[in-house]
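Presented sequentially are two complexes of subunit A, the first with subunit B as partner and the second with subunit C.
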Partner chain A sequence: MSDSADHPLLEVRNLVTRFSTQEGDLIAVDGISFDIERGQRFGIVGESGSGKSATLWSIIGLIDPPGSVVADRISFDGVDMLGMSREERRRIRGSRIGFVMQDPLAALSPVFTVGEQIAETIRCHESVSRSEAKRRAIEILDSVGIPDAAERVRTYPHELSGGMRQRVAIAIALACNPALVIADEPTTALDVTIQAQVLELLEELCKERGVAVLVVTHDLGVIGRFADHVAVMYAGRIVEQGPTEQLLRSPRHPYTEALLVSQPRLDSERRAELPAIPGAPPNLLRRTPGCAFQPRCHRSNGRERCCEDDPVLHAVEAEHASACHFSDELGEIGAASRDG
Partner chain B sequence: MTAEVLLSVTNLTKHFPGRGGTVRAVDNVSFSISRGETLALVGESGSGKSTTARLVLRLLEATSGAVEFDGVDVLHAGRAELRTLRRQMQIVFQDPYASLDPVHRVEKALMEPFAIHGIGSRHEQRASVASLLERVGLDPAMGRRFPSEFSGGQRQRIAIARAIALEPSLVVCDEPVSALDVSIQAQVLNLLRRLQIDLGLTYLFISHDLSVVRHIADRVAVMYLGEIVELADCDAFFSNPRHPYSLSLLSAVPHPDPVVERSRDRIVLRGDLPSPSNPPSGCRFRTRCWKAEDICATQPPLLAADARGHAVACHFPEGTTRASGSGL
Partner chain C sequence: MLRVILRRLGWVLVTLAAVATFTFFLTFLLPQDVARTIAGDKVSEAEVERVRQELGLNDSPAIQYVRYMGRVARLDFGYSFVNRQPVGEIIAERLPRTISLAAVAIIFQLVVGIGLGLATAARANGVLDRTTLSWAVLMISLPTFWLGLILLYVFAFELGWFPLGGADSFSAIVLPAITLGIAGAAWYSRVVRQAASETLASDFVKELRAKGLPRRTILFKHVLRASLSPVLTMMAIDFGFFLGGAVLVETVYAWPGLGLTSYQAIETGDTPLLMACVIVGSAFVLILNLAADLVRTVIDPRVRLG
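Our next item is the complex of A and B:
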């Protein structure tokens, strides 16, 4: 591959993903751009319909008709992925880019042992012997914290708990030493105590191996815990982007701000009424002019600019960008929400 | 508090026969709920919290134990008695996509409770449905639509409307916001809260989400492998959790402030939930507990309350008062 210093690991420019439906074109992802650096833990947070998962699937080329993907550029390690053949893309998936899905039971085959599935991933991408692949499968199961790995390679997915299955899925994702792991709601299907284990594991392994992670989630807690950089999506667009700490402490988009204060938290003051976000996300088939969040925004107050001009993502500070016309009106919410 | 007890559950037990041995889904669970109160049942999957709710409503038959609702013996109620009881005890399920029949207009789904119990003429039923929809924050004209035309949050409002249609006194809420988007959860929690005040409802609130529980509950019961391991007032529980499992649950909730999140001490439990068909001897939590000693393997700890009614089932409970929120 090309030398690694001068370009980001993953570069996405002006990605548009649309699905044609009987009622017209649904624009699931509406012109988003972002970079992921080597070893970075990048989070995309959004609700259902925000386009966060469609973004993932578009990047790795898993959007099939009636969906279509266009972009100015999607490049991985300096190599253009849009121009690749299916076969070339397949070779990158599973080797240089690993995956962890929300539901490990759906991601694993029920008829092969976990050892066979890890070994197959390795042999699919590297020419190693069966015994060598098996040896590596045991090694990697051991590294994801599965006790008695030499024994467990012979078990089937249904014999494992949800947390153990997700560990196996992580083992498969890391089997060929990828540079990037893409994780789609990796902890959503797991219980809280197991979530903590899995996040910790993913973080440790990726730090150890210098692997970058793109994690997609609806849970701001997971973002705060795991990501060093975050993009907030709403109605197919990135509405705010920046270093996690700065963005969660001083959000510069009203949607991020509203999400943060509407959630009950363990350390917030108990109030009778939560400051809820009114209404529901917009219909992506019928885009209206102006800001997509405007009808639900607590700061817009029907201002003309919000209703008429499409806001663009602009820098508000180094590395921190917001797509709100009035991003200057937002500041640190910390004090207010943390202490009630 | 000397409020009137509406629901009292004593030694409730449910064993399912299974291939790998009897699954002890709910084991000797006891609690009571006063009128107008919210008791949260907290636990992970497999803890028995949903099974407990179904036993209380008699959607499942208990193996043993007693459930008394407003003076009526629920587990031995006959058909007619049960019918009357069911007007008084309702449930809201987690998934509003599964709980509404897709081929029925919302209006029909909401008229059904009245029809089943033979309340009012069709005209009166329609009027009741309109006011129900309004009560849960929906436009009465929406009654003509089908469930597929509604978002998840709106569907959950409809499910809530159906649950309160016959003016019940107890509503079981089984993870009512878990399937909803974050921006919608607060709306539904606010609605549940308002309805409780307006209609004097009593909630048995089942959830795995401790932040939500802290917001909505008056008292909290933590379940682990079919047993209640801690039961306390909400404030006491969150400021001074006493069971090691409760501590680990609280510690596992990720904090959205990265500075707090990275600086705090986390308790990450070892291993998985053991099989409920073969629970550990003694204390069921001991295989994952960092405080476990020999006695924990031989003597099951009893749920014992202190002077203020804070009950914990542990041989080595956390004792000293902790500063609110520290480290959690």
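Our next item is the complex of A and C:
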């Protein structure tokens, strides 16, 4: 909306999302901050329950009670979103910020044609005629690589394959030419062969249109293939953040390292057991002092500082930050992990 | 599709024949001497015997049955025992009354039920939701004839807003329609609320919100459509029952439809008329059941007619 480009497209400062439960407040997102630049592809990676999806829903203002969101700042294109009315936020959703959900079968209405579902998105944000909205629906469906788009607008979601449905979901997200597309596990529900196609499509379309993408996934493969910049979340916090290539090559947080090592690799021995991260994520209702990852960390070795001091995110290199007290001990992935 | 419909229609006929058969033999259990009723109290036994002969009541039930079914197959329902009028004519005269009452009751039921259902789902556990719940339980449990009498007393007798009965004025339909439809309205409001709450919590409503649809579009377009399927099925079945004749309501309000007619037919032992009422009523129930299934395939494209 604003002409100057000196502020990032999306600015998140100290976002806290909590859900009040009978056992007390569950802090799903615990004070995270990040920026997304125009046209950037930003990834958030983490296990289930790390707060990555809650982050997305918080940004677009769709956390319902008993959940609540506070932040120092969430601004989109220089405009503060926290101060907006419900109606103002609604107008941004779907038009300036597109959203792609995890499971397109569940996310699309079963009783309306895909054409109608694209067209209604256009019509609720722009004053265009029914026929114009339909024409644009066909156009966008065609651009996400659906053959015979003019025919396919009349089909229902259940008549399409999983990959095709996700293409429809992407078409809906892009229908109003957004500046940012948010994708929540966009490939998780798809077959592996289709995953690559969908990612490629998303990348291509967003490059072409200069759209920034915020993708959330538990799959480092998706991050490696897709994102320029990545934030690793653990227990509601960002524990490491940096340019994708650098972060994957030389992780500076034991959690990232452990995630990388637990990925299957082609060059590892077939029979070798895949190392898994021992233990389970911490209880978000009862935070203990010290580093949240400490009980599962293979580098802590019971060092006092890990159990007592809450580590903060600090720069380890330009643009690369880690929230580990001993980030200096980590470096090029290899020595410690690959021979194990 | 057409083949499926034809097959289903075939089953409708089979079911109707079964209903007719069952009802036919059931009428033999009526404790009346029909011939005596028709001939009157003051005539001789010989006269009564003559009537019996004339109506074929002396033949064995099997022969009577075959004769009757043969005529019904040609849509000939015979003559009323009581006033000798062709039963077809009586039905044709009474049916429009029943249709209009059933239609108004169904519309009332749908509008109130769906409206309340959506409103309470949108504000779950709000004041309206909680009051509607107790109202619904009350309305579903109240006997229709009792509610009918109360409404009649308050709004027709005391307040004089509506006529005391009959079908002579336009406003006469209001009380019977409400009495007939209110239990359904209460029931529908709970069904719609349930379906709508489930839909509201589903992923696709999240997606609708994420793509920025206004709340009212989400509610009145998507949630309504998704919650309609169970109600439409129920509605078609209810409509069938109402068309079959709402015996209690029509009797309380002296509404001259099929329900009142069957009540009178039972009272007077008018077997041909009673049989016709039962067969016509069953036909409505069966055909509207089929219609309900057809409607569902339109409402929800995932449903196929089996």
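Basically, the second predicted complex is superposed on the first by the 326 of 340 C-alpha atoms of A that agree within 3 Å, B and C clash if a C-alpha of one lies under 4 Å from a C-alpha of the other, contacts with A are read in each partner's own complex, and residues count from 1 in each chain.
Here is the rule we use: contacts are C-beta pairs under 8 Å (C-beta built on N, C-alpha and C of every residue); 3 or more make two chains touch, one makes a residue touch a chain.
These numbers come from a predicted model, not from an experiment.
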Combined model on subunit A: subunit C and subunit B, fit or clash: fit
Partner chain in contact with A:275 - subunit B first, subunit C second, else both or neither: first
Touching partner for A:47 - first (subunit B), second (subunit C), both, neither: first
Which of subunit B and subunit C A:191 touches, first, second, both or neither: first
Greater subunit A contact set [subunit C / subunit B]: B
Contacts of A:263 with subunit B and subunit C, given as first, second, both or neither: first
Touching partner for A:245 - first (subunit B), second (subunit C), both, neither: first
First (subunit B), second (subunit C), both or neither touched by A:219: first
Touched partner set for A:161, first subunit B, second subunit C, both or neither: first
Partner chain in contact with A:62 - subunit B first, subunit C second, else both or neither: second
Lowest C-alpha to C-alpha distance for subunit C against subunit B (Å): 10
Subunit A-facing residues of subunit C, complex: 202-204, 206-214, 217, 221-222, 225-226, 299-302
Subunit C-facing residues of subunit A, complex: 60, 62, 90-95, 98-99, 101, 103, 106-112, 120-121, 124-125, 156, 158, 169, 172-173
Touching residues on subunit A, where the partner in the complex is subunit B: 47-48, 161-164, 191-197, 199-200, 218-225, 244-245, 248-249, 258-260, 262-267, 270, 272-278, 280-281, 296, 334, 338
Complex interface listing, subunit B residues touching subunit A: 44-45, 151-154, 181-187, 189-190, 193, 208, 210-212, 214-216, 238, 248-261, 266, 268-269, 272-273, 325, 328
